[in-house]
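Following this line, the structures themselves.
Same chain, two partners: chain A is paired with chain B first, then with chain C.
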Partner chain A sequence: MAPRVGIVGIGHCRFGNSSDYDLVDVIAYSANAAFKDAGGLALRKEVDQVIVGNMASGLFNRETAVASALVSRMDMEPCPAELVENGPASGASAIKMGYMAIASGMADVVLVAAGEVMRAVTGWEATDIVATMAHKEAEYNMGLTLPGFAGMVTRLYMEKYGLTERDLALVAVKDHANGAKNIYSHVQLPVTIDAIADGPSAGVVNNYVAEPLRMYSTCPVTDGSAALILVNMDSPKAKLFKKKPVRIAGIGSATDTHVVHNREDPLVLKAVKISSDRAYKMAGIGPKDISFAELHDAFVIFELMNSEEVGFFERGTSFLAVRNHETDIGGRLPINPSGGLKAKGHPVGGTGVSQVFELVRQLRGEAEEGRQVKDPKYGMAVNFGGFGNNVITTILAKD
Partner chain B sequence: MIDFSVYGEQTPHISGWRCQKCGTLYYPAPMVCRKCDSMRDPTTNKGWEEFDLEGPCTLLTWTRVWNLPEGFNKKFLLFGMVEFGNGLRASGRIEMEGDPAIGMKLTAKTIEADERPGKPVKVFVFS
Partner chain C sequence: MAIDELEKKLRPPEVQLAPYPSKVITLASGETMVVRECRREDVPALLGTVYPLIEVAKDYYDVVACRMYNEILSWYRYRIANMFTLVGSVNGEIAGIVTSRHVDSHLGMSLHTLTIKRGLRVGAQLFAAKMEHHLEFLKEDEVWIVAESPIGFKRWMIEYELEDRSSQYPAVRHELGGVPTFVLTRKLWDAVKAVKNTGTRPVPPEVLKTADKLKMPNEYVQLPGWKRNA
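On to the complex of A and B.
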């Protein structure tokens, strides 16, 4: 039987613009914070394996072999270290690899750290770099970008289910209300529906990015990092850490077609459905057991579609739940209490670890006042790689 | 005498592919047929038929992108996803005045574009 794996240390930096800083320092900051949270920096000597998540440091920062650099920067040699790249799901993949290292018996303590410094380049360059994960011949060469695909899918969803631009704005208002209370958020200002949808200046404040998606339907370009310390809860080393472990109850992942137009129905995120089914099965629970969720919302349409694919709502109805405030902090199923990628930000390779950082904070009861979910038992995170073609779902449990 | 020269195509085109063993159509080119497991050797394409993907198509969805990537010196570009009569789908640019409409009939052609550094690339234009 595989050992139980828990998270005993968490670290996170303030998301935003870190372009004056070296990527390795940005990631090391969160790793140090995780050790401090777990009981002290001396605990780094207990680590059997370091796994780093990052999407494109070679392109954003002209910096490679980041895992090797991190170990040396943190005085952790000769600890084994590897880099995991899975696009914007690099963070969740790094957690999965950390889990597998412990489950295999090769390690009892794993440091998982992830981050990205995207603002080292211009916004136009960043958009282009992120677009390199699209199919080279059939998508990237056309000039298509991730916002472009999200715009096309949003239009299809509107046509089929009656979603409106105001509904998209309601998701953003909810996410920014949460993000404004999160000390780690990139954007810490709440927005009103009047300012971005109903008011006379809304079209100027909330201009189009990829129609029908507007600025407030889209995540910012963000720098930042997060880190976790994973332990074998059944090993003697677990007793070295002062924090009660938050158990990793389930991890599931799946892939879908690389080329978006080759999906039978572009409105179906098959990899989200399969990955969440696998995570539920491993955890021995179902959608009704989830207390709250962090869903990959690089574009707000993803928050809606993800919430349907993981079984929270029927297909084509999630936006009605947003209208009814069911996904607010005080609602029956809070979604993106951190502010999500929309408000907290999306440092691509770091996002998956940041999402799980939020799950741990919520399950420990450590979220800020007005942002803490009431008595949560299970938290879920869905992290996307590509345009939903490589997805990892992670479920944590408070035992 | 060996002539090492490489001559550019006079008219750019984008290819669809047919597995000659089972007839399944593809765009873009696969390395293995999902239906009959036939392999495609990209240097010889033996066992695979290449054909021009162009002509009449139907618009499935579209967007107008205002934040274009580096190199695109335009205010915006229209992009769309289309379906051809043979069932193949493609994504590319739309050239037209005003707003497109889902379900409208368009014609696909191929151009060469050079917004980004490096060799020009082939791009679908639906109009």
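On to the complex of A and C.
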């Protein structure tokens, strides 16, 4: 039987603009914070494996071999260290690899750290670099970008299910309300529905990015990092850490076609459905057991679509739940209490670890006043690689 | 004030510019920003707001702040011709400032845009207001524009798809250091103004009153830890 794996240390930097800093320092900042959270920097010597998540440091920063650089920067040699790249799901993949390292018996303590410094380049260069994960001949070379893709999918969803631009704005209002209270969030400004949807200046203040997606339907370009310390809960080493472990109850992942037009229906995110089913099965629970979720909302349409694929709502109805405030902090099923990628920010390779950092904070009861979910038992994170073609779902449990 | 003969020779000729009618914009945060033309009595608050940013190298705040300080002071002391300054304020606190100059009935010379309150596209709204003044109220044919920072380049040159006239140097030469000149023509303005320019007029008197006496910000996101009068 595989050992139980828990998280005993968490670290995070303030998301935003870190372009004055070296990527390795940005990731090391969160890794150091995770050790301090777990009991102190001396615990570095207990680590059996370092796994780093990053998407595109070679393109954003002209810097590679980030895992090797990190162990050296943190004075952790000769600890083994590897880099995991899975597009914007690199962070969750790094957690999965950390879990597998412990479950396999090769390690008892794993440092998982992930981050990205995207603002070292201009916004449109960043959009281009992220677009390189699309299919080269069928998509990237045709000029498709992720905002362009998301705009088309949003239009399709609107036509099929009756979603409106105002509904998209309601998701943003909710996410920004949460992000404004999150000390790690990139955008700490609440926005109002009048200002971004209903009022006379809304069309200019909330301008189109890729119609029908507007600025407040789209995540910002963000730098940042997060880190976790994973431990074999059944190992004597678990007692070295002062924090009670938050258990990783389930991890599931799945892929879908690289070329989006090869899918039967672009509104069906098959990999999200399969990955969440696998995570539920491993955890021995179902959607109704989830207390709150961090869902990958690089564009707000994804928060809605992901919430349907993981079984929280019937297909085509999630926006009605948003209208009814069911996904607010005080609602039936809070979604993106951190502010999500929309407000907290989306440093692509770092996002998956940041999402799980939030799950741990919420399950420990350490979130800021006004955005702490009441008495949570299970938290779920969905991290989305590519255009839904490589997805990892992670479920944590408060035992 | 009595103006002696020498001072008369030093001052630029006075041209009465059409006034900029105040407007109000609801920012994404729900806060209302009043945009109005500055008056002479606003100058101490304007200069006091700009001054601390002279030391911020990031995003060329230092260059823009130095130049804007010079422009506002020069305007106050009658050493620049036909300049106008617009200010955006939220509850009276200065959120951003733009400066510009009416050259003649055909040409406007955009000077600077300084965003104090960041993250809400305050600079974008004020830049649009400045262009609105040039092309709608002063009725010029075109505005010459340069950018110091990459952010400015993206906001103006890229987003407005400005006409690049740098190849016509020196015939087309912006007043600010001869750097490459881009142009907002009336045709370009007409194409983008519906999606770039906003604001409601007239401003309700009680809202306009909040912007009557301008307040300097006590803190700046550009200067972490800095506090006025600390």
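The definition used in the following text is that the second predicted complex is superposed on the first by the 399 of 399 C-alpha atoms of A that agree within 3 Å, B and C clash if a C-alpha of one lies under 4 Å from a C-alpha of the other, contacts with A are read in each partner's own complex, and residues count from 1 in each chain.
Please note the rule applied: a contact is a pair of C-beta atoms (placed from the backbone, for glycine too) under 8 Å apart; a residue touches a chain by one contact, two chains touch by 3 or more.
Treat the numbers as computed from the prediction; the structure is a model and nothing was measured.
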{"item": "Partner chain(s) touched by A:Asp75 [first = chain B, second = chain C, both, neither]", "value": "neither"}
{"item": "Which superposed partner A:Pro266 touches (first chain B, second chain C, both, neither)", "value": "first"}
{"item": "Touching partner for A:Thr127 - first (chain B), second (chain C), both, neither", "value": "first"}
{"item": "Which of chain B and chain C A:Glu314 touches, first, second, both or neither", "value": "neither"}
{"item": "Chain touching more of chain A, residue-wise (chain B, chain C)", "value": "B"}
{"item": "First, second, both or neither for A:Gly199, with chain B first and chain C second", "value": "second"}
{"item": "Touched partner set for A:Asn207, first chain B, second chain C, both or neither", "value": "both"}
{"item": "Touched partner set for A:Glu366, first chain B, second chain C, both or neither", "value": "neither"}
{"item": "Partner chain(s) touched by A:Asp399 [first = chain B, second = chain C, both, neither]", "value": "neither"}
{"item": "Chain B versus chain C as contact partner of A:Val187, first or second or both or neither", "value": "second"}
{"item": "Overlap of chain C and chain B interfaces on chain A (superposed complexes)", "value": "122-124, 207-208"}
{"item": "Residues on chain A engaged by chain C in the complex (per definition of touch)", "value": "20, 122-124, 187, 189-192, 194-196, 199-208, 216"}
{"item": "Complex contacts: residues of chain C adjacent to chain A", "value": "25-30, 58, 119-121, 125, 128, 150, 154, 158, 195-200"}
{"item": "Interface residues, chain B side, partner chain A - complex", "value": "27-28, 60-72, 77, 79-81, 89-93, 102, 113, 115-116, 121-124"}
{"item": "Chain A residues within the chain B interface of the complex", "value": "122-125, 127-128, 131, 135, 137-139, 141-145, 147-148, 151-153, 155-156, 159, 207-213, 259-262, 266"}
